[in-house]
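Both complexes shown next keep chain A, but they swap its partner, so chain B is in the first and chain C is in the second.
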Partner chain A sequence: MKYQQELKDSIRKALPGLDVVIAWSAGYDPLHATPHFIRREEDIDRLEIGPFSVHNLATYLPGLRGKKVGIVVKGCDSRSVIELLQENLINREEVTIFGFPCTGVVDQTKIRKALGHTGKVDFCQIASQTVVIGLGGEEHKLRLSKVLADKCFSCQYPNALISDHFVGEKISPSVQTEGDDDLEAFEKMPMDERFAFWQKEMDRCIRCYACRNACPMCVCRDHCLAESRDPHWLSQEDSVRDKWMFQLIHAYHLAGRCTECGECQRACPMDIPLLLLKKKMNKEIKELFQYEAGVDPEATPPLLSFKMEEENINEREW
Partner chain B sequence: MKIGVFVCHCGSNIEGTVDTAAVAAAAREFPGVAFATDTMYTCSEPGQEEIVNAIKEHQLDGVVVASCTPRMHEQTFRRTVERAGLNRYLFEMANIREHVSWIGKDREANTNKATELVRMAASKLLHNRPLLSKQFDINKRVLIIGGGVAGIQAALDCAEGGLEVILVEKTTTIGGKMAKLDKTFPTVDCSCCILGPRMVDVAQHPNITLYAYSEIEEVSGYVGNFEVKVKKKATYVDWDKCTGCGICMTKCPSKKATDFFNEGIGKTTAINIPFPQAIPKKAKIDANFCMKLQKGKCGICAKVCPSGCIDFTQQDEFVTEKVGAIVAATGFDLFDWTVYGEYGGGRYPDVITSLQYERMLSASGPTGGHIKRPSDGKEPKNVVFIQCVGSRDKSVGRPYCTGFCCMYTAKQAILTKDHLPEAQTYVFYMDIRATGKNYDEFTRRAMEEYNAKYIRGRVSMIYPKGDSLLVRGADTLMGTQVEVDADLVVLAVGADSSAGAAGLAEKLRISYDSYGFYMEGHPKLKPVETNTAGVYLAGCCQGPKDIPSSVAQGSAAASKVLGLFSKDKLASDPQVSVVDIKRCIGCGKCIKTCPFGAIKEIDFRGMKKAEVIETVCQGCGICTSTCPQGAAQLQHFTDNQILSEVNALCQF
Partner chain C sequence: MPVLKGKELRIVGFLCNWCSYGGADTAGVGRFNQPTDLRIIRVPCSGRIDPLFIMKTLLNGADGVLVSGCHPRDCHYAEGNFYARRRLEVLHRFLPILGIEPGRFEYTWVSASEGQRWQQVVTRFTEQIHKLGPAPKIAGPAASETLRQMEAAL
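And then the complex of A and B:
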């Protein structure tokens, strides 16, 4: 990543005033990165940004309230930071934001689908449009566009929307809308087919709550309705009904708040298309309130305000 | 829990289409139900005794009554179970009349539905908890907003009842619209002569504090303990010193100021006392027209004022008043009739509003009580009145009837003949609505004794013809077109909600209809209450009404305030939201969405938490649906109580 050194310098300058800076470093193999918590100067050298910087680090912010935290964000991650600021879940003066232009991150599921379970990975090189992965002495070439996450194809915010330090040149947003194909296809389905679709998908859920834990906007944590008796919304039964109900509660709680970072879907070990649910909710919100989550720190999310009368909801004479 | 279920026949109202005995039999199988029976009239005295006896005999600790809507008898049965020693919230009602027996004829289906409603109620009851209300002190002072006739009546009645009254009036004098009228129907007595003494009473009453030329800036608090910030607008005259002598008005060189009191019929001076009987009789400078304030030159009023009260540097002042109840009596404004292009849209000087005509008729008005055409000052021969201008007209978005225009038009027709015996009056009307005491007789007098020509139909066009106007309309009784030569046209303009009504409603946290009129608590049974405890309505702010009705409502609102203050402490409704501090993460979403400002942020051992102010909370439940983790719970409608109802109904 060409701006990596610039980013490191920027962090080095700011670190004395901060308790921690959250970034990414190399993970357990060349195909994975891992969240990296920089507390001392020597930690900075291990920082790596690139197509494997998949994690939305904003998820950590609410838990670090009260500390001076630096955070490195992609465009999509910055929307989560904005949403957290709007909801008073973090304090602006406690957070230092480092932004960079993001050219897309990989989807591990796509790599797995292309190569099967990889086992030990020898190396991974990314040239401009290709990814070369070394497995057991063999080289596998993949087109970069085949392994990038869907959300990156329709990304409208590749540069951090909010930052204190921005490294590199800002790039223009994607013009493709390939990523929304799944939503369009879903909306074409008749109702009973949609029902059957979700029934099938939700049946795979193992209620591990990885989706919830990865979600930057899921801030209830220990008080999640999924595991509470009072109020007792869900039983612990292993039924599609309860599993689906949980996902619906999650989607409803994110309506107009979800920044579509896709962490829920990335974290899901069962590959349930969870982002689809949230995209559908956000689309409805956008049509109803002309609102997009996590874009303007000064805006009030529509479902977090009270109005006597809404412009687009006709409550009379119908 | 041991639950008793009582299924009411309501005579044949329910039993006619529901097998109540079968419902009771089915109820005996529900979890927790220890006793179930059907009774003829549960709300009757023997019916209630049956409940009390069953509670004692079977040691019941919860009761379900399946009968009518809770709006009718929930209070009745709550008191019944309380008499038997239970907490009133260990009672649930299933509505099997309005929701079942009255809306379907299929006895079997009705019986099944009634059974399910009882199952839901019993299931919720299992999760109910005893709730207790709290007592709190009240401040026995009342704020009345608006000094028209309704506000004056409310203020005097409250003051006579021994309450301290704060009366806030937007303009420089009380009296409202009634003070502008020349005479009142159906007695044709002088408006200012009957209102004047009441206005003086307000000024002199030791219990009334009057803030004229003031507006409500902010309202906080709750029933019994409101805090109101009042903005006293700058008048540039020190009212403590002003004696109302009026010398300033005679000397003021700026004589082109808008005369609001006279509805723009004439012009007035920049420093002005609106009319001789004004209360308080104090001068105010209209800053838009004052040469000293606009250009820095003049100051003649300051030189001639014998008491030295002119103060060109005066600023708006704010005072805070603590009150226990508020009466909104903000009145109405005239509909903006210039939207009617066919009546000239304001381009013809001789087309005026009824209120302008009223000022013209008044001896204290700009013409000294002479009817003169605004265009040339000549006396009109033909005066045409057009009713329902901005009333009963969907095309201008005002489908409602203002209600008093028929009467004042008849009055003005009579007065026209009194002033100008040679004149001929015409009235274009849709229907004559004269339903008050002596009202119909009055309109008949206008037609029969004063020879007003009533034409049933609407006017399609007014256009100039020479130096007069031609009024073209339909006579729907004759089925013909009519054209009338008019020297003066008077439009009976309907009532609109007062300018700024919506803004004040939001400060008072009361609701208003799509026209801006304030919503009463119940159209029949709570005509002067609002849905916000401690806030009452009087007069036209609730909807257009004539003087007798406005006065009656002023008195009614006062009696409600006196009733409220007859207690030394108020009991809070325990059906309010409560935040579970353990679950609260302090995000404050509930604070943002609460329409009543009933949730505040607190610091709990260094953590931010939300806390409900019990007395302010109205129990709407928006916070409970906002809070993602269910920390905010509405008592008596908790998630678990509602979920148990859902689970009872949706079994699979």
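And then the complex of A and C:
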């Protein structure tokens, strides 16, 4: 990444006043990055940002309240930080935000499907629009546009929406404004097909709760309804109903709060299209309240407020 | 008005204590004829209704869910129903995403004195659910067990 050095310098300057700075560094193989916690000056050298900086590091913020935390954010991650601020889940004075112009991150699932392989790769180089991956002595060339995360194609906020230090030049949002294929296909489905679709997808769920744990807005920790015994929202049964119900709990708890960062779907080991559910829900929220989560630190989330006369609700018509 | 013909369906109603439950009572005291499919759960306020109650009710095999509270500006707790209105409206749009027909859930306002209105609301909603028929059930033994339990309870 072009601005990596600049970012390191910026962190170096700020580090003495901070307990930790969260960024990314190289992971277990050249295809993966890992969250990187910078506490000392020498940790800064290992920082790496680029197409593998997939993790939304804002997920760590609520757990670090009371500490002085620095965080490096992509545009989409910055929306999670804003949403956390909107809900008073973090204190603005305690976080120092480092932004950079993000040109997109990969979707590991797409790479895995393209390579037909899940093992360790030997090397990976990204030159302009091509990804070259070395695997078992062979070279695989993939077009970058084939493996970028879907969210990056329709990204409206590539530059951090909130930051204390911004490195590099701001870039303009992705031009693609045409519709979302998945969403459009889904919207064409009749009710009975949708009902069957979700049951089929949710049947694969192994109830690992990785979707919840990765979600920056799931902050309940030990108080999550999924684990509550009183009231007993979910049984321990391995039934589609319980798995689906959990996903509905998660989705509804995110109503008007979800910033579509896509962490839930990225974290899901079963490739369940969780983001589709959230995208559709957000579309409804936007229509109802002209509201998008995580863009304005001063805005109140729609379900935490009301109007005496609601413009778009005609409940008296029923 | 005569009770609807044919087999009863499972309709669950969440009613606030102060207005709609009173309204249903008024309808009863006034001996207004009503369909008998509805099972009422009394809650302190429409603002107490977690939309997840409704989702769980539907996933567990109910054919319809009706919510009724005090008219806007008449809430016993001043603003409970204003919050409820937003949540329930979001739910109204959320259920069809899951493949649950839009008409299976409605919410409305009935005051304690509106016995007649309550009668109309129940009748209308029950007719609406009968038109939709029994809700599609989630496959699996767990659902049938719940149905057996519900059958026993009815």
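To be clear about the criterion, the second predicted complex is superposed on the first by the 308 of 318 C-alpha atoms of A that agree within 3 Å, B and C clash if a C-alpha of one lies under 4 Å from a C-alpha of the other, contacts with A are read in each partner's own complex, and residues count from 1 in each chain.
Just so we're on the same page, contacts are C-beta pairs under 8 Å (C-beta built on N, C-alpha and C of every residue); 3 or more make two chains touch, one makes a residue touch a chain.
Note that the structure is predicted; figures quoted are calculated from it, not measured.
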Determine, under the contact definition given at the top, whether A:240 touches first (chain B), second (chain C), both, or neither.
second
According to the stated criteria, A:197 is in contact with first (chain B), second (chain C), both, or neither; which is it?
second
Going by the contact rule set out at the top, does A:87 touch chain B (first), chain C (second), both, or neither?
first
For A:12, decide between first (touching chain B), second (touching chain C), both and neither.
neither
Of the two partner chains, chain B (first) and chain C (second), which one does A:228 touch, if any: first, second, both, or neither?
first
Using the superposition on chain A described above, determine whether A:220 touches chain B (first), chain C (second), both, or neither.
first
Who does A:68 touch here: chain B (first), chain C (second), both, or neither?
neither
Figure out whether A:306 sits in contact with chain B (first) or chain C (second), or with both, or with neither.
both
Dominant toucher of chain A (residue count), chain B or chain C
C
Do any residues of chain A touch both chain B and chain C, and if so, which are they?
225, 233, 303, 306, 308, 316
Show me the residue ranges of chain B that touch chain A in the complex, using the header's touch definition.
506, 511, 514, 582-583, 585, 587-589, 592-595, 622, 626, 628-631, 633, 638-640, 643
Per the touch rule above, chain C residues touching chain A in the complex are 51-52, 55-56, 59-60, 72-73, 79, 82-83, 85-91, 93-94, 96-101, 106-109, 136, 138-143
Footprint of chain C on chain A - complex, ascending:
189, 191-199, 225, 233, 235, 237, 239-242, 244-245, 248-249, 251-252, 255-256, 277, 280-281, 284-285, 288-289, 302-303, 306-308, 310, 313, 315-316, 318
Any idea which chain A residues touch chain B in the complex?
87-89, 219-221, 223-225, 228, 230-233, 253, 300, 303-306, 308, 316
